[in-house]
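See structure below.
Chain nomenclature is as follows: A, B, C and D, assigned in order of appearance, with residue numbering initiated at 1 for each chain independently.
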Amino acid sequence: MVKVSVIGATGYAGAELLSILHRHPQATLAHITSESHTGKKISELYPHLRGLCDMTLESLSDIVNIGKDSDFIFIALPHGHAMDAGLKLDALPVRIIDLGADYRFADTAVYEEWYKVPHIHKDADRVYGLAEIYRAQIRDAKIIGNAGCFTTASILALAPLVKHHLIDAGSIIVDAASGVSGAGRGLKLGNHFPELYDNFKAYNVAHHRHTPEIEQALEDLGGEKTVINFTPHLVPMSRGILATCYAKLNENVGADMIDAAFQKMYGSEKFIRLLGRDAYPETKFVRGSNYCDLGWHIDDRTRRVIILSAIDNLVKGAAGQAVQNFNIAAGFHESVALDVVPIYP
Amino acid sequence: MVKVSVIGATGYAGAELLSILHRHPQATLAHITSESHTGKKISELYPHLRGLCDMTLESLSDIVNIGKDSDFIFIALPHGHAMDAGLKLDALPVRIIDLGADYRFADTAVYEEWYKVPHIHKDADRVYGLAEIYRAQIRDAKIIGNAGCFTTASILALAPLVKHHLIDAGSIIVDAASGVSGAGRGLKLGNHFPELYDNFKAYNVAHHRHTPEIEQALEDLGGEKTVINFTPHLVPMSRGILATCYAKLNENVGADMIDAAFQKMYGSEKFIRLLGRDAYPETKFVRGSNYCDLGWHIDDRTRRVIILSAIDNLVKGAAGQAVQNFNIAAGFHESVALDVVPIYP
Amino acid sequence: MVKVSVIGATGYAGAELLSILHRHPQATLAHITSESHTGKKISELYPHLRGLCDMTLESLSDIVNIGKDSDFIFIALPHGHAMDAGLKLDALPVRIIDLGADYRFADTAVYEEWYKVPHIHKDADRVYGLAEIYRAQIRDAKIIGNAGCFTTASILALAPLVKHHLIDAGSIIVDAASGVSGAGRGLKLGNHFPELYDNFKAYNVAHHRHTPEIEQALEDLGGEKTVINFTPHLVPMSRGILATCYAKLNENVGADMIDAAFQKMYGSEKFIRLLGRDAYPETKFVRGSNYCDLGWHIDDRTRRVIILSAIDNLVKGAAGQAVQNFNIAAGFHESVALDVVPIYP
Amino acid sequence: MVKVSVIGATGYAGAELLSILHRHPQATLAHITSESHTGKKISELYPHLRGLCDMTLESLSDIVNIGKDSDFIFIALPHGHAMDAGLKLDALPVRIIDLGADYRFADTAVYEEWYKVPHIHKDADRVYGLAEIYRAQIRDAKIIGNAGCFTTASILALAPLVKHHLIDAGSIIVDAASGVSGAGRGLKLGNHFPELYDNFKAYNVAHHRHTPEIEQALEDLGGEKTVINFTPHLVPMSRGILATCYAKLNENVGADMIDAAFQKMYGSEKFIRLLGRDAYPETKFVRGSNYCDLGWHIDDRTRRVIILSAIDNLVKGAAGQAVQNFNIAAGFHESVALDVVPIYP
């Protein structure tokens, strides 16, 4: 049994992690932490866990001892806090899977520009935690910077076409929509039920922090500087992301080449379901699961390809992906604890 | 491996059964049927099952051969059809778990009165399929008449108090509310999205067919004639039932006696979570799981007890309960394939 | 033109008042107040009002001058604050319509028992503001204690039957459900979007403060001590209340007598729509309007009558009722500014 | 009083028309029709209209007599049927406002290509019914082809920039999302409550019929051939459209020029609210009203402008716009019956 701990267990991603780890036959939970609820049982905060996970929340002030007592540590804290923990754990053999942004960027200057905080752990041995693209490096990295939710949906949608140079990187627009759990459990007026119900809106246009993360992966894949537009929207539902991605087809690129690129890159991927050309992924078809469903459409009038990508933001977009990365890093079968049927309707 | 088939696999309960059976390590799916979609793959009708269950739907016209090729048959057909199948399968060793109403009533005259169809299989070897109350009989019955969704929530809420004669059976009122999946996948204006969204209503006041089913179980438990009011409501959500049950306390009955009755009856039940006195179950705390969460409140001003009971109508109220019954009947551990964490939020 | 002011304009009921008053041809808005947002425009807090109502919020510290500059003052503050204002305005000719609980009770001891604060304005010249029942007194009272939302739906449902002694007052149970706007604009975890969406729950069982308010009106109507059960539920929608009311029919009471009682009491009421026996009001049929829709059902098996009552909690349950009371008190036609078609779907 | 009739009154747009016309002081309803519900009262089909509009539905088989008895006829039928009625009414003085697509295209070949039916009334005296752009022609046209819902939101967002040549017409992408009422009252599985609730999806990618309608208006405004991408999505809510529009800024175009273009074109428009640069319209801020709220954002990294546009699809996107056109054509003040406050929350 591998011993794992969850730092920051009381957010939605943390709670989802507990659910997934609960069904993991080779992982045992060592510690869970929360600064604002230290001493409470997690099931007091999340009654759906009653009788399933009633562990008591500790403080992370003792992070070094938690690190000594764990083989893997999942961190689900707001950005800026994970690198502090990472630094303190640097000398220990424990490995880290951070669900936040601190370890996502190869170039920490990009992180500092978009997140407005100095990076204090620039030389960390880290890898970007999107298994379908960085699997080999995930196996051995000390720290895995788990990919973000919008970014996972967007990168997976565009990767085959960028990698095979089928689209014009300068023409990429990602228009995406997320359920409200993506905004976390913290209270704010915009997520107060009556304000959001029966409502739809965009936010953070032109400056959402997932933008440079998508660009970084596309640059890795395509080998050229890539600047995109990314626009997030909020859907009045709890879970799910749909990314609608637009790009100009390069000259002489036909539909078959698009189809072939998706097949080649994802044909053997367990968690990517290729619904095919002219298909329509829906967020509900992946709810509660680690799948990314992909469909794509070619518009001959405008010579654009439109790719649709659906994930559950808390699973493939957060906790599921984290466990997928954990499985890779720990040497388990990649789908352990993740082989679940989406819940429908 | 036990071979199971699902007759009527394309309704919501049928699809949920496929999801649960998919994770059952000791059951293998032999046949699935649909009359309106014979020849199609189930995953064409339910894309969330793509890659997980792509079996082809057969017709039930060959029910006898299906019966020969199965150890257990789950039937998820509208009432009136299961008894036809049951009759044809009577001579075979195959056992039946019917999710409809045909085999729920000990007295088929009650069935005929409320369902307005003649019962054609009156001497069937059958038991009412609510495991927490009829477990012993479920083990051996040829046919298990799986309890209904509202009825499960209601009976489990009231059973300990009726059994121990703590409440006045003549005073029982059950006011319940269900998500829309309970109304099935068939199209009708009342369940058209814009009509139901942002809306709340009652239906079938004073004549919903779950009424006599609740009464039958309460009479079994309390040993006296019981006539109740049952009022269902429709909540603009997909899944979940909350039953709010009212009854007059008998003389000299105090809070401790109520608490003790719940503890005594359900203290060791795997799928009943006693949240306790003054607690508030919520449908979301049990979503996707086989739990029934119970809380109760005592009003000293009116000498009434109010019991709140929450289930997922498609799991504990249908497919989960069916698999629980199957596990009992097949001799497996009762929670095989049902030991899942509710999905939240 | 009558000059009106709104004290506490930034809650949902306050904002709804501004919408209704905006279309009132005989009222002009003099002052609007907010302590937490003094100096801001109301349309900054409620962008739907942009260009329609851009008034600046004042502090109520100057309540006496506001009172001097107003013919009517609407108060939409949490309970306990209106009586403070009422006391200060006692000597002025201005009349008050309070949307909170401070002036709802004839017996201030009941208020103090349920609201846990001392009443400081016991001798106020006041009336309970439910127009269909207390119309005559509303005309001249200095202060109108506008009826609560659940109470309006419940009292209107039961009034004809209690008044004509057709039901057993001791048997009354009101099981009601409300959209979330009824809980106000203040942030709390229970009303955070992901917690409530796709969820249904009860709250304040056996001790909700609308209980004694319903009892007071029923006692006025029936002339006998009345103790009821009232159970509120929260529906994942923005607006709307449905009350499902149960009572035992008195001996020899038949369906026609029930029908007649409703007709007699409400036959000429503008804002009560009698859908009739066996009918099903839905909250969406009254959304955005001042209507109370009523339907009733008789269960011969249990000798109970079940009355269904639907209102928009922010209109007939709050701001619309306040303007209806205002119209009566100011001598206008009762439906001025309230003659709107419900918004559907 | 002007006499108006509504052909096809039982769809959502037809019912919304009845609501708006109900409060129009200068219009009186002469006839309403439905082929599938002839002889019924409209309030049987739409109980929210009970007591407000209880007119009986006639058949349109008698369209000529209805035409003789009306000054204006609103047609809310599926495409292909209005031109049949229009042809029959050609010789009468009655004027027509068609809410469908039959009269929206100057070039009927475009209509025939996208709608796959022959146009049978090619020489109709018609105008495109988007008041803010075609107001002058609306005054006198015999037939007004009321603009579509997505198209209204999209054209109003892009018009100032296209007209002043501030953006590259070849770079336009409109990514839009609509509530479900836009799909009508007809039953289909995709709009069955449990399928759509808690779900988000795109549809008709690259071939939605509103595409050529947007292109036609942009070509009128910009004077050049325009081919765009338009992608609709379905939001799990009843009403509202948000269009997110992308375009490349032309060289040397700065933010001030963008701001000025919006001000110049819409500064005096009653129903367009300019929320300004960096602002976020939300569908809920316009619900139930005839407003189009606009906000825009400039991305210096990509040199794109992103315009956000929110309307109520049934009001400004259908019935409200129709009445706005009617007011212009009949010589009334443009905002009669449309001067309502959005309903919030």
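Going forward, contacts are C-beta pairs under 8 Å (C-beta built on N, C-alpha and C of every residue); 3 or more make two chains touch, one makes a residue touch a chain.
Owing to the predicted nature of the structure, the values given are computational and were not obtained by experimental measurement.
Chemist: Count the C-beta pairs in contact for B-C and for A-B, then report the pair with the higher count.
Modeler: So, comparing the two chain pairs, more contacts are at B-C.
Chemist: Among all chains, whose Cα centre is located farthest from the one for subunit B?
Modeler: So the farthest one, by centre of C-alpha atoms, is D.
Chemist: With chain centres taken as the means of their Cα atoms, state the distance from subunit A to subunit B in Å.
Modeler: 37
Chemist: What is the distance, in whole Å, between the centres of subunit A and subunit C, each centre taken as the mean of its C-alpha atoms?
Modeler: Distance between chain centres: 46 Å.
Chemist: Using Cα averages as centroids, what's the distance between subunit B and subunit C in whole Å?
Modeler: Averaging C-alpha atoms per chain gives centres 39 Å apart.
Chemist: Going by the touch rule set out above, which residues of subunit A reach two or more other chains?
Modeler: Within subunit A, residues 12, 179, 181, 194, 197-198, 236-239, 282, 284, 287, 345 contact more than one other chain.
Chemist: Which residues of subunit B touch subunit D once you look at their complex with the stated criterion?
Modeler: Touch list, subunit B to subunit D: 12, 179-181, 185, 187-189, 191-194, 196-198, 236-238.
Chemist: Can you check the complex and tell me which residues of subunit B touch subunit A?
Modeler: 12, 15, 18-19, 22-23, 46-53, 181, 197-198, 238-239, 273, 275, 282, 284-289, 293, 339-345
Chemist: Can you check the complex and tell me which residues of subunit C touch subunit B?
Modeler: Interface residues on the subunit C side: 173, 175, 177, 179, 194-195, 197-203, 205-206, 227-229, 231, 233, 235-240, 242, 244, 246, 280-284, 287, 297-299, 301-302, 304, 306, 308, 310, 345.
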